[in-house]
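To keep things simple, chains are lettered A, B, C and D as they appear, and every chain counts its residues starting from 1.
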Amino acid sequence: MAIQPITEAILRQTIRKRPADSHKGTYGRVVLIGGNARYGGAIIMATTAAIYAGAGLTTTLTDPLNITALHARMPEAMVVDFHDLKLLRELTEAANSIVIGPGLGTDDDSLSVLQTVLAGVSVDQSVTIDGSAIDLIASHDLSLPQAKLIFTPHEMEWQRLSGLSISQQTPANNTRLAQQLGGIIVLKKHHTQVLFEEQTFENPGGTPAMATGGMGDTLAGMVGGFTAQFANQLNAVLSAVFIHSQIADDLAHNAYVVLPTQISEEIPWYMKQYSLPQS
Amino acid sequence: MAIQPITEAILRQTIRKRPADSHKGTYGRVVLIGGNARYGGAIIMATTAAIYAGAGLTTTLTDPLNITALHARMPEAMVVDFHDLKLLRELTEAANSIVIGPGLGTDDDSLSVLQTVLAGVSVDQSVTIDGSAIDLIASHDLSLPQAKLIFTPHEMEWQRLSGLSISQQTPANNTRLAQQLGGIIVLKKHHTQVLFEEQTFENPGGTPAMATGGMGDTLAGMVGGFTAQFANQLNAVLSAVFIHSQIADDLAHNAYVVLPTQISEEIPWYMKQYSLPQS
Amino acid sequence: MAIQPITEAILRQTIRKRPADSHKGTYGRVVLIGGNARYGGAIIMATTAAIYAGAGLTTTLTDPLNITALHARMPEAMVVDFHDLKLLRELTEAANSIVIGPGLGTDDDSLSVLQTVLAGVSVDQSVTIDGSAIDLIASHDLSLPQAKLIFTPHEMEWQRLSGLSISQQTPANNTRLAQQLGGIIVLKKHHTQVLFEEQTFENPGGTPAMATGGMGDTLAGMVGGFTAQFANQLNAVLSAVFIHSQIADDLAHNAYVVLPTQISEEIPWYMKQYSLPQS
Amino acid sequence: MAIQPITEAILRQTIRKRPADSHKGTYGRVVLIGGNARYGGAIIMATTAAIYAGAGLTTTLTDPLNITALHARMPEAMVVDFHDLKLLRELTEAANSIVIGPGLGTDDDSLSVLQTVLAGVSVDQSVTIDGSAIDLIASHDLSLPQAKLIFTPHEMEWQRLSGLSISQQTPANNTRLAQQLGGIIVLKKHHTQVLFEEQTFENPGGTPAMATGGMGDTLAGMVGGFTAQFANQLNAVLSAVFIHSQIADDLAHNAYVVLPTQISEEIPWYMKQYSLPQS
């Protein structure tokens, strides 16, 4: 099957005018899990993206070291120590959309956190698996739950998850492995691809000005925010991938490097454009 | 009695040019109480709103975990650990306007804090009861002090406080229960209503772009700031409700979602407009 | 002697073009001391003002609780725990300009800090005494060191320091007491006055939009920054007082309330105007 | 040999359009080490500069006291306690470009950190030695590793490092000592000079509005970011020196003092201009 470009048509179809009589519950509960003592910035950036992407209620589970910095940037987030596995389980179960992985790390604590999350998710929940969570699943051969799974690997992480070396990552092989794995794969690279069942979509945009730490965390947070709001999970993911690079492309007209948080701050303006009737 | 719209006439009447020879004491002492370890962002957002709304002196009592993030955002606030019940009582007694509830939580500590506050308030003080404080009053059937009480429930909190299920929340029932309870009720919903004695006011504005965590905390902080400055408590509340959604409506012309702190930062510009002679 | 208005002529005379071959040492070492656990915001705001006012090197001694919030806002400042009295003494002695008092508090620790500072200053140093430091000097009848002293009381603090009740604060009485005390008095009120020897200056500007917590801390920091840079201490103080309210007046054209940190961020643009040749 | 001015030609040659098919690894791993309990702001400012200068991945090793403030400003950075010498060694070895010194201090801990770094670097790595690290090397007569060394002393630090008093710092003496030391010397002063082998370059720009604490830390971070991205180390250093003062000169048209972080935020826009084809 031919690779399809992601187009603005998908975004106009997905990002609709919000109904007047709605409230924060209408736009979903997003729970983000990650940020150990060294990679706290990753979960801060993912959380920032989820909130600017319009999530109704956002809770972040992280190392307690990161709580103050997160709140200093984003008081809109609720925060919980991710070592409290009981509360982690409880909050995971109550979420509409879960993002696990940004800055999570790969030590024993990280593994316990991931296992608790995977054990708690159910079939109606969206679960975005990013960064260290992908590595942990690959290295510990963890079994995956029944849920609306989304994986957001870059090529090296995809290699570890799929077993395909980068040179083996052909469209046919990628599709085959993605189907085995189940869910949606966001394969991050120059012209990011989104794989779902037999379909492959390619993102037309993207710029080397995005080549800086935290871009992936930001995308993961956007995917969390969009999947919480928009029922069609594939379209939610495609829209997040598209807008993420679209904002970067626009900022890169004037900037040699674009910082991840600069992208997040622009999200509401871009979403607004797609929600308006076309003129 | 018919439901009256909140109009700009009330705001022009309320938000007057400040007298030249005045000082910070003229604009009141606001004390905000809330923010446990998980919901610290709520009290940060409420405090932010109170300060931008023009409160003369603002003190926040919260879990010590939240002090650094609050100061990193708003050095204008003074801060105290809310576990120090003696100081909490003392500061409560010295306030003109008290806001209790944003992110307070509902555990035993939260209850002690609330009981200390309620025991310390007196008849001339404005007391805004929000969020968890409403739930604690409902669940523990706490008796209410003689004071200028303002409740800011959303529909589910109003159900818990009034005993009226959402379908029972008719104008007649709401008015009856509000009068039993005493004080001013801000019933937050699509077209928020303000109930006072036999009167019901309805806010014409509001947008689903506001449907994100922290909007209510921000409104509570604005109510605290306005009731500290403007003697007519009903008009102060009506003005806060109106400007809160007016700013959001304006920002939503260009944004799919509006963050609570974005609203707070705009408050001084909007208040200024209402304080000017009409041309 | 007649009260003289502070005019722009004094500012043009004081804020001169910086010499090309200069370095941060040229613009002075400012040391600010204050900020206990409750009033940490005060020293953050004073430090912010000193840095934006152009101090060459700025060190803040404060309760360790405030260090992270200060750095999150102003990484330009160096920070030290003010309980380390040995280091406090050492840094005080090395400073060109010292600001003591914003948020210092009045407990025993605060008193030890103040006494250490007063014991360490010498005749060539500028010492701005603000807020709680004024109260401590008044209540403990502390003797004042030989130094370039500047006091920045509001009317109630001036009452405690001078013994003059507000109704007794006539020009003649104020001048007499100011001369007994020595140094420059900045008497903060509607149309702030600056008293020095037999002279009294009055600030033409000022707006009730400034009537919010932290304005005085910001002025104290500006005085610290200006006295470190400009040799004529009286003119430095007059310039700080004038620009502080000038910025507020300009911002207040559009804002009902002006926050102290908004003023600080504007200082470099205003100073620049006065440093240019007049056209 | 004549002193050559740094010109825009070097910048256009150095800061090239990024290749489309690149990723964060392409732009290097920068590791910054510094920031003790008192000088934490220095490493925050250096880190900020490295990230805005386009480093692919940035890790900061510092006193744990500084982690939250750093993350509150720059979630893009990874952070590690610099007392963990094993991890410090490991991260140093994995870096493309190392910056050591901003706010490091000169106590025993600082010395251990510096010695660990110097013992770990290898010939292909860029190592920028700034501030306290220069002083420690001078005072402990530490031997220097084989690496691409860059020293960023101001005149007093250069005196301590080279043994040349400021009056002895003639072009001939400076060049002789720089060649003995090896590497590139950035001699910070009015019209900063860059010494490399027999060549001396002079920066045409610079303004006394830069005479404020943190300017040098910002330059060190920029040098780290540029040397990680651009293979020609001399040109990378020259470009960083030029843009740093160019931004300050531009901002100083309107500002009496320019803060270091204001410079960092402008870097991407300036780099972009040099990466475009000349019209």
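A few comments on the model shown:
The definition used in the following text is that a residue touches a chain if its C-beta (ideal position, glycine included) is under 8 Å from a C-beta of that chain, and two chains touch if they have at least 3 such contacts.
The structure displayed is predicted, hence computed values, not measured ones.
Least-squares overlay of CA atoms from chain A onto chain B yields a rotation of 90° to the nearest 5.
Residues touching across the chain B-chain C interface largely differ between the two copies, under half of the numbers being common to both.
Among the remaining chains, C is positioned farthest from chain A, on the basis of C-alpha centroids.
Centre to centre, using the average C-alpha position, chain B and chain C are separated by 35 Å.
Note: centroid distance chain A to chain C, computed from Cα atoms, is 49 Å. Residues of chain D in contact with at least two other chains: 68-69, 72. Listing the residues of chain D that touch chain C in their complex gives 38-42, 44-45, 48, 65-66, 68-69, 72-73, 154, 189-190, 207-209, 211-215, 252, 254-261.
Partner chain B is touched in their complex by these residues of chain A: 15, 18-24, 26-27, 51-58, 67-72, 74-80, 267-269, 271-272, 275.
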